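Shared between the two complexes below is subunit A, which has subunit B as its partner in the first and subunit C in the second.
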Partner chain A sequence: MSDRARGWGLVAPALLWTTAFFVVPFAVMAAMSLARLDGRELIWGVHWDNYAQLAQPHIARAVVVSLEITLTVTVISVLLAYPLAAIIAFRVPERWQRLALLLALLPFWTSYVVRSYSWLLVLSRQGIVNQALLGLGIVQEPVTLANTRLATVTGFVHFFTMLLTLTIYASLRQLPPNYARAAADLGASRLRTFVHVILPLTLPGIVTGAFLTFVLCIGDYVTPQILGGNNELTLPQVIMVQLGRRADFPLASALALVLMGLVALAYLLSSRWLRIDRV
Partner chain B sequence: MRALSWLYLALLYAFILLPVGALVLFSFQDGRLPVPPFQGFSLRWYADVLGDRRLMAALGHSVAVAAGSSLVACALGFLAAYGLARHALPGSALIRAVLIAPIAVSTLIVGLGLLLLVNRLGLPLSLWTAGIGHVVINLPLCFAILYAAMGDQQRSAERAARDLGASEAQVIGLVTLPMLAAPLAAAFFLSATLSWDEFIIAFLLTRFEVTLPVEIWSLLRSGLSPRLNAAGSLVFLVSVAVVVLLEILVLARRRR
Partner chain C sequence: MTMLRASAAILALAAAPASAQTINALVWCDHTDPEFLAPFEEATGIRVNLREYEGTGAALALLEQSRPGDWDVLVIDGIDVPRVVEAGLMAPLPEGDLPVGDFFPEVVMEASTTRDGVTYAVTEKWGYNTLSFNAARVDPADMQAGLGALLDEEYRGRIAIYDYYLPVIGLAAVHLGLDTQTLTADDLPAIREVLFALREQSASVGEVVASQTALATGEVDVVVGGGEWLTAALSAEQPELTWTIPDEGAVLWTQSIGVLADSRNPEAALEFVRYVVSPEGQARLATSSCYWGMPANRMAGEHLTEEQRAALRWDEQDGYLARAQLYPAPDAALDAAMQDLWLEMLQR
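Entry: the complex of A and B
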């Protein structure tokens, strides 16, 4: 057997699996997004009706809500995670750093469902926050926190702060310590050193983490469904409505492709600084 | 400045650990609601969960799907990584891109695509279809970990074995696999945790027999209850145990 034939033989199973269960389903989805539902009957062909539905207020609104939530979450998470990663990387003694990181990432390893449920314990009307506020006499009546956008954002920020702490910590640890020292020797203040040396060098780590945050946040159904409720729907929630009650697979497929388009757009915007291979 | 750092650290740890802390604490609640005040320590909700046939069945399904799909993902990932690292193939950059691609697509889309395919083929939804979906999302991860781990050091050892007359199967079985034990374990346990925690693919692709996150999801409709806390704590503790195991494996390798 030739070297090349043997190589193909080794690669073939994985390639076939990915083709059969990822590439082909994707093609079916693309074709489905161009199909049309006539009553309960599926009509294949090239129809743009599903994409035209984007103009409908409730669907356009979902796209806007998804983008607003995702961008808010990404910005807040970066701002919270950067100092945390820096403190772990520079203040915590070397031998405790792995433990500190493990602890900061502990809830990262829970399913979205359980993590979102655990936020309900904190945010519901009888939850911890409300009990604390009532006990301290800050409010007289329980405040509505669950089933709001605030709850969705809180649940997301919680998860992505952990993710970003990890990617930013990794890029901070790769910095040679001499750089900061050299900047200080040349008379730069700590702020100047941070803005002109450390921040630019850790930018790829930040952007990579922010991109991952964007992708995972905009595509998640569980967190907005459990914490945000049905007051305002995100794009994945609208897709799931089509799959469930309405069984409108063509529209669901078109919206899924719109979701992918948003991710591709984010990729193009951040690709200059993106270092996926370095995480 | 220093004191401020520690204060910030404490605040963020509180934020990060508060919800899971509440989850675990109130799973021991001796009362009907998993919210303050804590009314005393009780294991009855765990007994309730462990005695629940549906939850236990779902737990068994989750273990089977996680173990099976991780095993398949590791095997396929290993063979592909070995093939690409050791044989010059035309278009290898494209092959790598295709194998990695599913990781860049949200799991909702992977699940939806598979659901459409399964429907078109007229196949029934089952744990098998969910397992197939989990292999799709874990294969890129296993492939990437194992491909990165195949260095020149192994290549020399493999060449030496070949020169001494080992067959290709012996080279893989006696040289490559043992040398990659740690990354293989890392890939396996990482995909097992991801599969164990995964919801949306399992939700879309199962019907009568479901995995634990899907079963917990359907219990959520009845609102807060210490029973859900106990079930969630079990899911969480299994993931943490696996991650700690992984950490120990990786650390043990570093020290060697």
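Entry: the complex of A and C
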């Protein structure tokens, strides 16, 4: 058997898998996004009506809301995860680091839906946060925390901080300790060492985690649906509404492709500026 | 008890002959309660595989993606029965085989469930989309007054809206004195005003569990679009959570059941439908752990406890039914316009 044939043989399973479960469904979805509903009947063809729906204020707003929430969550999660990962990597004794990472992963062990409803109870007007605020005399009346963007962001950050901690921790652990020592020998302060040595070298880990956060967050339906109280809709929520009763698959497909386009854009920006492809 | 029954059902199935039949049913979550299902499986040896879904669109997609014969029974929103009958998805039900004569006449919905004199589905459960509230925190007289009272500044931030556009649009129409069954696009501007005003007052818009949680935790005091299905199951632990039909009226929801035309086990599927609409099956379905609702078969009342009948307001149904209209059943174009209106309201 030639090398070429052996190469094809090795790559064939992955190729078939990708074709069957990504390329074909993607092609169907793309074709569906150009179809339209006539009453309840699906009309195949090339119609741009579904994409024109993006101009509708409530759909355009959903795109903006999705981006705002996703970017907020990504930034906050990075800011929280980096120190946590650094503490685990540099301050926690090596024999306890595995346990620390295990504890960091604990939120992943709970069902996503259960976790979101738990946050709803925690943030409710009679929940533990409001009880604490009232008990400490910080507020006189319970404040509205549940069913807000704050609740959605809190639920997301709880989850994604842990994810980012893992990717950043991996980057920090790969850093040879001599780099920091060399910088110190050359008279660099701790801050200067961090900004000019450690941070640039751990950027791939940050960006990997941030990109994963972006992808998972912008496509998530459950958290904003449960915690946001439908007070503003994200793009996945608008897509679900199309599918729920009317079965408007053409419009849902078009919106799903727009969502995919946003993810692709995020990937392009990340890979171009921060060389995510080399991580 | 639930566990015992479920275990008994499992043991019964294990002991059943190899030829025992299996049917596959596309259902709403109330059918998944072992208290409801186990007695049927024990008595008949027919195993029922259930698949929950939400939204008729999801059910149609599942049917379309399945092989013919994969599914035997379909539970569906009462107003969508004509949609699946027109699509040729439902099998005729034998005339006179089911106790439709014992049903509450208002929910038989013959115009939806029959076509050319042939019955394709029967109503199995129904209830109201109306106002659920915490009687310890709001004045019941305000609830009796209807949506108008909720627009008062006093209720700002104390309201949740059930996240389903048809019943809530129906409630807005009832508030405006419109007939929910003859709504047109011309009615939408007035309905829009009511919806937007309610939205201004509301803290959240949520599906079933979110609405229940909001009311039970005190996050809100009123759920617009709620009803017995929202509060009856909570009444034992929180008797202050209750519901009423305002004087201006409310809307009715119904769910129907039928046998699919491609069923591989039509006899077993029909046997299941017979059980569902029997008085015993109806009582169990009405008080399913997922959500409560009124049984279509009036004879189920004999199998409900006093507490269950009280939670369902069994003795007040005549007055309630007189003030209720079916929720809107729009054609495709009006449906799309209503959904867009709903999205616009949510996104405000």
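The rule is simple: the second predicted complex is superposed on the first by the 249 of 279 C-alpha atoms of A that agree within 3 Å, B and C clash if a C-alpha of one lies under 4 Å from a C-alpha of the other, contacts with A are read in each partner's own complex, and residues count from 1 in each chain.
Just so we're on the same page, a residue touches a chain if its C-beta (ideal position, glycine included) is under 8 Å from a C-beta of that chain, and two chains touch if they have at least 3 such contacts.
Worth saying up front: this structure is predicted, and the values here are computed from it rather than measured.
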Subunit B versus subunit C as contact partner of A:54, first or second or both or neither: neither
Which superposed partner A:109 touches (first subunit B, second subunit C, both, neither): first
Which superposed partner A:249 touches (first subunit B, second subunit C, both, neither): both
First, second, both or neither for A:75, with subunit B first and subunit C second: neither
First (subunit B), second (subunit C), both or neither touched by A:195: neither
Subunit B versus subunit C as contact partner of A:143, first or second or both or neither: neither
Subunit B versus subunit C as contact partner of A:265, first or second or both or neither: neither
Greater residue coverage of subunit A in the superposed arrangement, subunit B or subunit C: B
Partner chain in contact with A:117 - subunit B first, subunit C second, else both or neither: both
Partner chain(s) touched by A:233 [first = subunit B, second = subunit C, both, neither]: second
Subunit B/subunit C common contact set on subunit A: 117, 120-121, 124, 126-127, 226, 243, 249
Residues on subunit B engaged by subunit A in the complex (per definition of touch): 2, 5-6, 8-9, 12-13, 15-20, 22-23, 26, 33-36, 75-77, 79-80, 82-84, 86-89, 95, 98-99, 101-102, 104-110, 112-117, 119-120, 132-133, 135-136, 139, 143, 168, 193, 196-200, 204, 213, 216-217, 220, 224, 228-229, 232, 235-236, 239-240, 242-244, 247, 251
Residues of subunit C touching subunit A in the complex: 54-58, 60-61, 77, 83, 157, 160, 163, 166, 203-207, 209-210, 213-214, 217-219, 331-333, 335-336, 339-340, 342-344, 346-347
Subunit B contact footprint on subunit A (complex, rising order): 3-4, 6-11, 13-15, 17-19, 21-26, 28-29, 32, 80, 83-84, 87-88, 91-92, 98, 102-104, 106-107, 109-115, 117-122, 124, 126-128, 131, 158, 161-162, 215-216, 218-222, 226, 236, 239-240, 243, 249, 252-253, 256, 259-260, 263, 267
Contact footprint of subunit C on subunit A as seen in their complex: 37, 39-40, 56-59, 61-62, 117, 120-121, 124-127, 144, 146-147, 225-226, 229-233, 238, 241, 243-249
